[in-house]
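First the structure, then my questions, so here it is.
The letters A, B, C and D name the chains in turn, as written, and every chain counts its residues from 1.
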Amino acid sequence: MRIRTPAIVVNFKTYPEASGQRSVELSQICGKVAEETGASIVVAPPLMDLALVARSVDIPVFAQHLDSVVSGSTTGHLTVENAKASGADGTLVNHSERRLRIAEIHEVIDRCRSAGLTTIVCTNNLAVSKASAAMEPDFVAIEPPELIGGDVSVTSANPRIVSDTVRAIRHIGNEVQVLCGAGVKNGRDVSKAVELGTDGVLLASGVVKSKDPRATLMDLVGGLRK
Amino acid sequence: MRIRTPAIVVNFKTYPEASGQRSVELSQICGKVAEETGASIVVAPPLMDLALVARSVDIPVFAQHLDSVVSGSTTGHLTVENAKASGADGTLVNHSERRLRIAEIHEVIDRCRSAGLTTIVCTNNLAVSKASAAMEPDFVAIEPPELIGGDVSVTSANPRIVSDTVRAIRHIGNEVQVLCGAGVKNGRDVSKAVELGTDGVLLASGVVKSKDPRATLMDLVGGLRK
Amino acid sequence: MRIRTPAIVVNFKTYPEASGQRSVELSQICGKVAEETGASIVVAPPLMDLALVARSVDIPVFAQHLDSVVSGSTTGHLTVENAKASGADGTLVNHSERRLRIAEIHEVIDRCRSAGLTTIVCTNNLAVSKASAAMEPDFVAIEPPELIGGDVSVTSANPRIVSDTVRAIRHIGNEVQVLCGAGVKNGRDVSKAVELGTDGVLLASGVVKSKDPRATLMDLVGGLRK
Amino acid sequence: MRIRTPAIVVNFKTYPEASGQRSVELSQICGKVAEETGASIVVAPPLMDLALVARSVDIPVFAQHLDSVVSGSTTGHLTVENAKASGADGTLVNHSERRLRIAEIHEVIDRCRSAGLTTIVCTNNLAVSKASAAMEPDFVAIEPPELIGGDVSVTSANPRIVSDTVRAIRHIGNEVQVLCGAGVKNGRDVSKAVELGTDGVLLASGVVKSKDPRATLMDLVGGLRK
């Protein structure tokens, strides 16, 4: 499933508020908002809920991480082939909370491309963003670690790193798209991200810990429209 | 859910033959054999299928691995809390294909105990079995690495390591139960394992790659009765 | 070289105050105090200084960590064989800042025993101490992580964990000796450690960051005599 | 110490033939050949021998690996600051036998630049080479893993990957230099490497396991002149 852009990617992390049955319910709220508004929303539920969520919604479902090992005698690992069989449409790669070796990033990108899965490589700064883009994932998502989980959006705290990343990646000249994340909370942040040249946002607690996820999502989606 | 013994624990690893929809189907075959024969059968499906499998069968469903991190900002990890919410009854720990640090093993055992999940710590030799038993998991599963995936059962190739492990762990005096694995393929192997004093077996390819998993399971279950 | 007990093991960590030429100088001060007082003092300098330090002193020199890989095509690793060739007398294993997988701990202990190197396995609590003792290293060093680097010695903050560890390990019945660490700063702490039944202490900043390491060492050594 | 090019970088790995006192001796042979011929030769001895080797020779001495942690409470790690204090002139980064996370590679490059240490990032294919070059180390060393330790030099087995890497990195436009490795054994291989546009070679067993390292080095150095 090709991801339409601009997109809002919701990472459920491993929050209790979004695991098991609550993972299914939050995914369905995301699906409903996507359907009603026509917005492109992607969910990345806790890994053990992936197949169940994939059967419960019509929007793209992503793994939060995949290992660079092949299916077979790799107990306890998360393979690209398993993700595909379980209904995944793509995966986050190298999230700041789950960093990978550079050769592993390249292998996961390659295997996902063969399997028809979309890849979003998360990066922590401009140099690592350029390095990641050189390996040609579908997306690079820049997330300055010091802003993750905070109250100020990267688009306000450090708009420069966002626009610099967009420019550097366009200059490398391949077709890698750019997301930004860290502190994204509302429609204004999304709107600013799009203005800065990105193809969407990656966020987590803003939706997962919201008292009214549906209202939060409607607000975020509003920001895509400018 | 307390695991009845003697038990047959089927690890699906990440085999394509047992992932996605095929993971559900194999689990249902295991469930049916358990129901018909009264045998205690446990399944450990690919991690991304766990919640889906847990909703599809009435037998215990185990994770193949859990990380020693807490739920929250731990993207891409597998937490005890998430496993519980997704319907897991227990987990393999320190499988030979997914070794853990000693302090992590202890943490996972502790958190699982609090959450009511059963732990099976996999070990590679007598010394590591004793060390693992000292941390008081529910089970230790001894699997000599050189025999894993092979054609000869540990119960024939090295019965001594099985009986030595059983004796050493009884001597440590806690209530840890013992499984054995590696090369287990049929009822005779299971029967031998029980004779040697174990509380059951852990196996993978013998069932997953069988042309007729139901027939294979019926044969294995027969070995519990001798 | 067999380590005499009670012993004072000084871990230089990677402190700038104790690396390069300063690593040699601090080791020589330790050597001099050992010579003058007859006390058993062991140094664990930064890894890249090991061979140089081993040539500069007559007291036992330990690695801070060794990998469980064999010598050969293992670029960038720290092998038991290399440590031996470089003049090491032993190694710390599983320090809280460099945790190992349980099977790795067992392998390092085994290889060191064959090579004639002494092993000190560091542990974080009673259960992990018992587990480590079951693998029969020469020493277990209990260091509650919450006290490491702090101002209060484990012997004051949690004397119970020290004596419980000593008792549990004696009960396992093998010949493992016990050290304790975390917050150890002066002769009184050392004296208390010995009273609680240990065979010595493991410390770092107390010596490395001392304004007068010689005076600090003389005070520590005094504690061995009480 | 800036590395003159074309250069021959000799990685001792953890071979017993090149550790402890033998590490010093092999480094001195390299130093002598460098002095006599004016060639640029760099040695990367086993890590625990680094400070000792650095005191014994006048040619550049490299670490085989450094961790991306800071000096202090990082027992058992290899810090940039410690390497500097121990006399290192640079380091290999991300060797195929010691792969790093992408963010770690970037951190090590950055810290080494500040400390005045030269970095050689090892890569396994074209995409990873471009990615690594984007993080601006001093050198990228392309080593196809299937050829490492073999009898056929990368310059014969896959000259295309060498020239493609050289071209791609020149195109990225920064000042990263290129080495190649894997199977390099003699002067002809070195000569071919220079012809293909590289700034030198990285080799290991060809020198370390040679019956006459001095003769082998003289032959290799001859290849620089063609």
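Convention: contacts are C-beta pairs under 8 Å (C-beta built on N, C-alpha and C of every residue); 3 or more make two chains touch, one makes a residue touch a chain.
On a predicted model such as this, the values are computed, not experimentally measured, just so you know.
Student: Using C-alpha centroids, which chain lies at the maximum separation from chain D?
Tutor: Comparing chain centres, B lies farthest from chain D.
Student: Taking each chain's centre as the mean of its CA atoms, how far is chain B from chain C in angstrom?
Tutor: 37
Student: Could you tell me the distance, in whole angstrom, between the mean C-alpha positions of chain A and chain C?
Tutor: 45
Student: Which parts of chain B, given as residue numbers and ranges, touch two or more other chains?
Tutor: Not one residue of chain B touches more than one other chain, so the list is empty.
Student: Touch graph of the chains shown: is it line, ring, star, complete or other?
Tutor: Looks like a ring, each chain touching just two neighbours.
Student: Which of the residues in chain C end up touching chain D in this complex?
Tutor: 11, 13-16, 19-23, 46-52, 55, 63-65, 69, 71-79, 81-88, 92, 95-98, 148-149, 204
Student: Applying the document's contact rule, which stretches of chain A touch chain D when the two form their complex?
Tutor: 94, 99-106, 123-125, 127-128, 130-136
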